[in-house]
Amino acid sequence: MNETPLIPAGVKRCSKWQFSLWMAVVTAVLLWGVYAMYLIWYKGLNQTNMNDAYGFALWIWADLAVIALGGGAFFSGFLTYIVGKNELKNIINLAVVIGFICYSSALLILAIDIGQPLRGWFIFWHANVHSMLTEVAFCLSCYFAVLTIEFIPLILENPKLDKKPFWHHLSHNMHGIMAIFAATGVFLSFFHQGSLGGVAGVLYGRPFAFREHIFIWPFTFFLFTWSAAAYGPCFTILVTKITEMITRKKLVKDSAIHLFAKISGWMIITYIIAKSIDTIYWAFVTAPGMGFTLMDFYASSTYNIGLLFAEIVICGFIPGLILITKRGRENSFLLMSAIILGVIGVSLNRWVMVLQVMAVPVFSFNEWYTYMPSWQEVATTVLPVAYGLIVISLAHRYLPVFPQEKELNPID
Amino acid sequence: MKIDRRSFLTYTTALVLGGAAGSMLTPAPWKLTDDVSIWTQNWPWTPVPEDGEVTYKQSVCTLCPGGCGINVRLIDGRPVKIKGLEDHPVNKGSLCPMGISGLQYLYGPSRVTSPLKREGKRGEGKWKKVSWEEALGAVTKKLAELRASGRPQSVACITGSDQGTTPNLIGRFLTAYGSPNYIRSATAQDAIEQAIYLTQGKQGTPVFDIENADFVLSFGSGILDGWGSAGRMFNLYGSQKPAKKIIQVEPRLSDTAAKANQWLGINPGTEGALALGLAHVIIKESLYDRNFVENFAFGFDDWTDDNGKTHDGFAKMVKNFAPDKVSKITGIDKAEIVSLARAFARASKPIAINGRGHGAIPGSIDESLAVQSLNALVGNINKPGGISAIPDSNYAKWPEVNIDEIASKGMQQPRIDGAGSEQFPNTRFLLNRLPEIINSAKGESPVQALLVTDANPMYTLPDTAATKKAFDRIPFIVSFSPYMDETASHADYILPNHSYLERLQDVPTAAGISRQVISLAKPVVKPTYETKHVGDSFILIAKALGGFIENAFPWEDYEAFLKETLKDQWRKLKKKGIIEIKYDLPEPLAFTFNTVSTKFEFYPTARGSVKQKQNSALPTYTPVPIEGDVQRFKLVLIPYDSIRLAGGAIANAPFMTKTVDDTVLKKQVGLLEINPATAKGLGLKEGATALLTTPKGETTVKVHLYEGIKPGIIAMPRGLGHTAYSEFLADKGINVNTLTGPIEDPGSGLDMAWGIRAKLIRI
Amino acid sequence: MSTDQNQTVSTEAATDPVNHEPETNDSPPSKSSGWAVFLFFMIGFVGSILSGWILFPELLYSKKDQPIDFNHAVHLDVVSDDCESCHYFRDDGSFAGMPDLSSCIDCHEEAQTDDPEEIKFVDEYVTPDIEVPWLNHSKQPDCVFFSHSAHVIGADMSCESCHGDIGTSEHTRVYEENRLTGYSRDIWGYSISRLGKPEAGEPKPMKMNDCAKCHKEETGHKGACFQCHK
Amino acid sequence: MKDKNAKRYGMVIDLDKCTGCGSCMVGCYSENNVPFKADETNKLDSINWIRVYKITNNKTYPNTEVCYLPMPCMQCDGAHEGHSPCVSVCPAVATDYDYDTGIVSQIYTRCFGCRYCMAACPYHARKFNWWDPVWPADMEKYLSPNVSPRMRGVVEKCSFCFHRYQLARDKAYLEKREELEENEYQTACAEACPTGAITFGDLNNKHHAVYKLKNSPRAFRLLERLNTNPKVYYLTSKSWVRKAGDNYLAHEEPTKIKNNIKEHH
């Protein structure tokens, strides 16, 4: 089959064979994950190494992490369509694709994670409005719908589809109203990113997780939204850079990257200051009120105080400072270091807010709880990564994801 | 309208889309979504218990000899729950975990559901289902052969009890058949009974009137770990007045020690020395009951026998047990010994009891005698709150057995186990000696056929390897066990008894209780499987053997036998489930004894043979030697009992095993308790794997660091390490009996081992 | 497919895809006409509506007859004038439900009429002492604890208010069982849409919503979960 | 929602009387159709509605002391009644707070197994059905019809034997009574405890034993400082046990800590 008509005009793509080989490798990984998923659905959650102390584990972390990393989508939408940073139009397509991948993955993981998948719809039909998880499920699903709508015009820009007047006009009209969807997405995201933070913050039986509230929202509610906005762009930039590395092409102009990085930097700095204040208040007021000192929470060899230092200083202040300084973000090594640290930082934050919450013993006579995921858990967590690679590869090959690609890589 | 591939696709798409859109407007997708979730709520592989009418049936638990009353809840005749019977005189509604788990002994993969004949090698687990006719026929044939060859005495029968009609029926069978070798499993009760016999001259069931005592000094008795009737002991503990004191003397902080007012960690095996040390203080400080000692006791002071020979009295003997010396032996602080002696003597109703843990091992007679002497010193004999013995229940009445010549000859043969012989005149059964006797016999085994009921010697006897070797030498083994236990799995034939909830059985008074209570265990449910009451099996075998044996059993079945046995009491028992024979302490004659001296004998004159050997029958303390070279085996292993683990003939129900802590059993590996200081010296951390070696065997264990055990001592629970039963019990941890061996008390022949030397190496 | 250095290059004019007005003439002429597409769409649409409303309920439920065609009317007339003489409360307050043979045996030790159903009942169940495997239209899922005493005694409700006029029926109804869930159709209610109310005398649907609705009306709140669940 | 006749069922466990025998656990298993597996030594996948913990004073031999601590579901009221840690987080209302009895329910057929409630519960009272329950070799025959067996993939926990309340109410209806007697509704663990360490009743009813016991100077609750407001009280005469029941900073003394949450009436 000649696939030339499928490839956007004016750009070069690798050969079909090269591409097929790459897809075969990634699909193999994907199938491994699908097999694990089948085992879990068929045999039940005994296929995992979760237990009654670790009801939430690797998957919930993966959920929280991918949604934070996918936060670039709503934040770039916010900046582009609401604040009016038009420069970011050059990167927003990728942010939307990443968002789509992250949110669909999150939904899939949730469907694997529940003990009774066939009852999953109860969360909507029998919703408990007081539960943060209900809020998460609703906003997640709604925002996923929004992301799908945002993704559609990009798909319709595929040259072959674009030839059909119906699709062409649909695409055109959708572009016109995209700002509305972007605004809706931003609104939804503020809530569900926050409610994911609320998931841990409301657990007043878990001193490590519990935070003081503003009205019904614990501090973590705001910190999660803030951190997703701050670190999500890091991931968008990272994926751009990786794509550029693999395709050996420049795809987005530096100006767009630097602008995005700068905004991300300021978000990180402000977030990490807020996070520090939250940590200090928690360590000196909230926790002692429940009979805990800060070091009680970091008394295990795995979960030691180094984690807090890593999260706040190494993956917080350092990338933040790099990205807010012009010299820092324009130095490609420093930029890469900062965005990688940022991605690690937000993932680490989500990790401690899920796994460490479970690990810390609440009773003085209990030991720290330990957990090591089973291969089935790992495989199903790798599954979205493989799926994401496939979607990005396909999107890049057949869709004009990077508007500046043609300009930056003219074909002779 | 031309249809080609492309338009076909388009039309199909349109059709599907239209169908999808249309279906959204029908109930189908929504109803199916709902129904699929309802299907998950009603998975056919998740059982739905049938509802019905609730009724209750009262009976008695016979899983152990405790004799606690139970109340069984039934739904349409199907038992669903067991609880304690509120107004039962033994347990007053309290029940141990085993009793509550009872329904798991009614059903489950461990049940033997029909008679079985061994197919493969012994213990291989290959069985053939056979009919009752075939199974009974095979046993009858073998027994007839042995009788025909003039060796009826080579048939031995091991039982769990010698009280009540079923054991008596079996005893009657053996008598008519011609074998004296009725062997009951021994417990601490044997040693205590013997000590009471030697001091008071009374043969009977010991009574510890803890109900009315106000100071309980326990020499290692696990009164809250399953000692005696567990239901009774728990009930007593729960309902006791706060003034009651419990002092627990034990090397390990057991559940009893944990709940005691005081725990004294003692060097294991030195309890007798402590008892004598306490006696020393009590006598030295003149705190003893003068009235009792001077008027109703013999051998307290030095005395002269008929030959004019002067013997040391008890008071003189205990002079050797000054607190200093006893402190060295026992490891208990001198001041503690003195204050304990004073507290014990000054209490208004003190009682001293012994029998380690559940009381699985009889222990040394000297120790039991020392404890009895302590009770005598405070005059708490035959008094409320004290120690006494009630005569064995004699409600069973049946015609005399007439025996033929073969039987008569057989009955005149000495018992294989040596009980009642000149060497052990005061002991009735010595199962612990059996393996050694069989193993050391030249030529063929003295036991040619072994019948086992209500016992599991292959598991419960110390030194499992020797027991297995002995059993391998017995050509014919029949088990009547309802469960595939270790002995049943080594049998040639299994003639399964009904489970305890399916069978009729009278239950006589359990040890310790100051009232004579006979209860009736009634079937609460019809037999589920092809099983037969063990009494019926024996009656059928007797009838098939014919002659005098048949004539000894004129009853149609066990129930008829029971009815006739109980005569006029049957109706009352059947109606009420319990008959209580009021046992009033003979108040004016409380201190009359059937001994030679008609007094309580601090100096037990009936201890004939011992007297000759030791020159004195006084209960002195000589360290009980334990096996193993001190240099090679630096540690001492003691078995311990737990209420959550059944170490006896009937093993744990899955529910009980489920309650076992992960510091006792982790996956399939048992944990050994060790003091952290000792562990440190061996380089062992919590949960570390180690090789445990004793002179009897070795095993891999994990260690659990526990401050509640004396340094240098290591402890493992009884009740784990089964090799038979089902996956819910088998191969979990180690049977501590594989690591220990029996030690014969020179006076009684009973097993008095309390531990064994051991070494532990990190691996 | 072009072959230049492993790169696939689209050779079409590079124009802004958004503003590019596609040349419809270039695409191959569509062989599927609009009205035919619409027709197929409507066939699918109407077909699925019809099958969803008519065929689906037929397929969803299997039909079974009661083992004996029981005549409630006769029994109510001859034996007693209330339901509780057969469907009684036990002393512990639990409801006995379907009577067992012991309730029937007083009259039906031998057949009293030549009614073939009675003869069948006596021959197949009474004489061999086998309980009749009645199919219970109102059997609730295992997770439900329904207290008859709370409703009949506590709230003084009549049997008919939930079970309809079954007491006057002369024949048993066909028992319909949901093939997926295994439950009686009566629980969901006969109307597949659950719209509309049951006719007077018909049994009421007994899904949780139905319970909750009535509880809300009668007691002011739906009640806590444990009121009716076990 | 709250009725003026509302009860607040609760439990008082006398740790001085608890011998750690495990009868409460076994009584609970057999009452509530709790399944069992061949290997139950991983206590983190072993279903126990009440679990007896063994705690020690961490002193060396021979000054070691042991205390057994049976822990059922605490049926927390939360900072304001009904705000139990688990109830508020369940996304599908599979667990709710019954204002008439104060009991926290768990509805297995509603639960879809997200396990958020387990993450919320500091007492580890909630257990997940990681496996399909299996009762081998006819053991299904002993299952009670009063408690529905749970399927794989859902959370379960102690219900204070709520089915016994339902059955007792049935009888009361039949006898046209409004109120239950104290002994008519007792949990299986309270009934099974052979030393009578567990007392159960209406914490608001002056005539019930629990009313007096919970006001004993020996009484305390587990993790009170988290404001979970549990309805299970414990009695102990040992200060170290009381201290082990909650978390305290180095300078704090349990008896001197004021709780900002008052129990509800």
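Residue numbering begins at 1 within each chain, and the chains themselves are lettered A, B, C and D in the order written.
In this section, a residue touches a chain if its C-beta (ideal position, glycine included) is under 8 Å from a C-beta of that chain, and two chains touch if they have at least 3 such contacts.
Predicted model only: the values in this text are computed from it and were never measured.
S.K.: Which contact partners do subunit B and subunit D have in common?
M.R.: A, C
S.K.: Can you name the chain that lies farthest from subunit A, using the mean of each chain's Cα atoms as its centre?
M.R.: Centroid comparison gives B as the farthest chain from subunit A.
S.K.: What chain sits nearest the middle when you go by CA atom centres?
M.R.: Of all chains shown, the one whose C-alpha centroid lies nearest the global centroid is D.
S.K.: A-D or A-B: which has the larger count of contacting C-beta pairs?
M.R.: Higher C-beta contact count between the two pairs: A-D.
S.K.: What whole-number Å value describes the gap between the mean CA coordinates of subunit A and subunit D?
M.R.: That gives a centre separation of 39 Å.
S.K.: Would you mind pulling out the distance in Å between where the CA atoms of subunit A average out and where those of subunit B do?
M.R.: That gives a centre separation of 63 Å.
S.K.: Rounded to a whole Å, what is the gap between the Cα centroids of subunit B and subunit C?
M.R.: Spacing between the chain centres: roughly 56 Å.
S.K.: Just the number, please: Cα centre separation of subunit A and subunit C in whole Å.
M.R.: Averaging C-alpha atoms per chain gives centres 44 Å apart.
S.K.: Where in subunit D do residues touch two or more other chains at once?
M.R.: Residues 42, 93, 108-110, 132, 148-149, 151-153.
S.K.: Could you list the positions in subunit A whose residues touch two or more of the other chains?
M.R.: Only 116, 119, 122 qualify.
S.K.: Which positions in subunit C touch two or more other chains at once?
M.R.: Subunit C, residues with two or more chain partners: 92, 94, 141-143.
S.K.: Under the definition above, what is the set of subunit D residues touching subunit A in their complex?
M.R.: Those residues of subunit D that touch subunit A are 42, 44-45, 53, 55, 79, 85, 88-94, 110-116, 118-124, 126-132, 151-155, 222-223, 225-228, 243-244, 246-249, 252.
S.K.: Sort out for me which residues of subunit C touch subunit B in the complex.
M.R.: 31-33, 36-38, 40-49, 51-53, 56-57, 60, 90, 92, 94, 96-97, 141-143, 178, 180-183, 188, 192-194
S.K.: Which stretch or stretches of subunit D touch subunit C in the complex?
M.R.: Going through subunit D, the ones touching subunit C are 1, 93, 95-101, 103, 105, 107-110, 146-149, 159, 162-163, 166-167, 169-176.
S.K.: Flag every residue of subunit A that touches subunit D in the complex, lowest number first.
M.R.: Interface residues on subunit A, with respect to subunit D: 44-46, 50-56, 113-117, 119-120, 122-123, 126-128, 130-134, 137, 199, 202-207, 288-293, 296, 357-358, 362-365, 369.
S.K.: Which part of subunit B faces subunit C closely enough to touch in the complex?
M.R.: Touch list, subunit B to subunit C: 1-2, 4, 6-7, 10-12, 14-23, 25-28, 31-32, 35-36, 38-39, 41-42, 44, 48-49, 51, 53-54.
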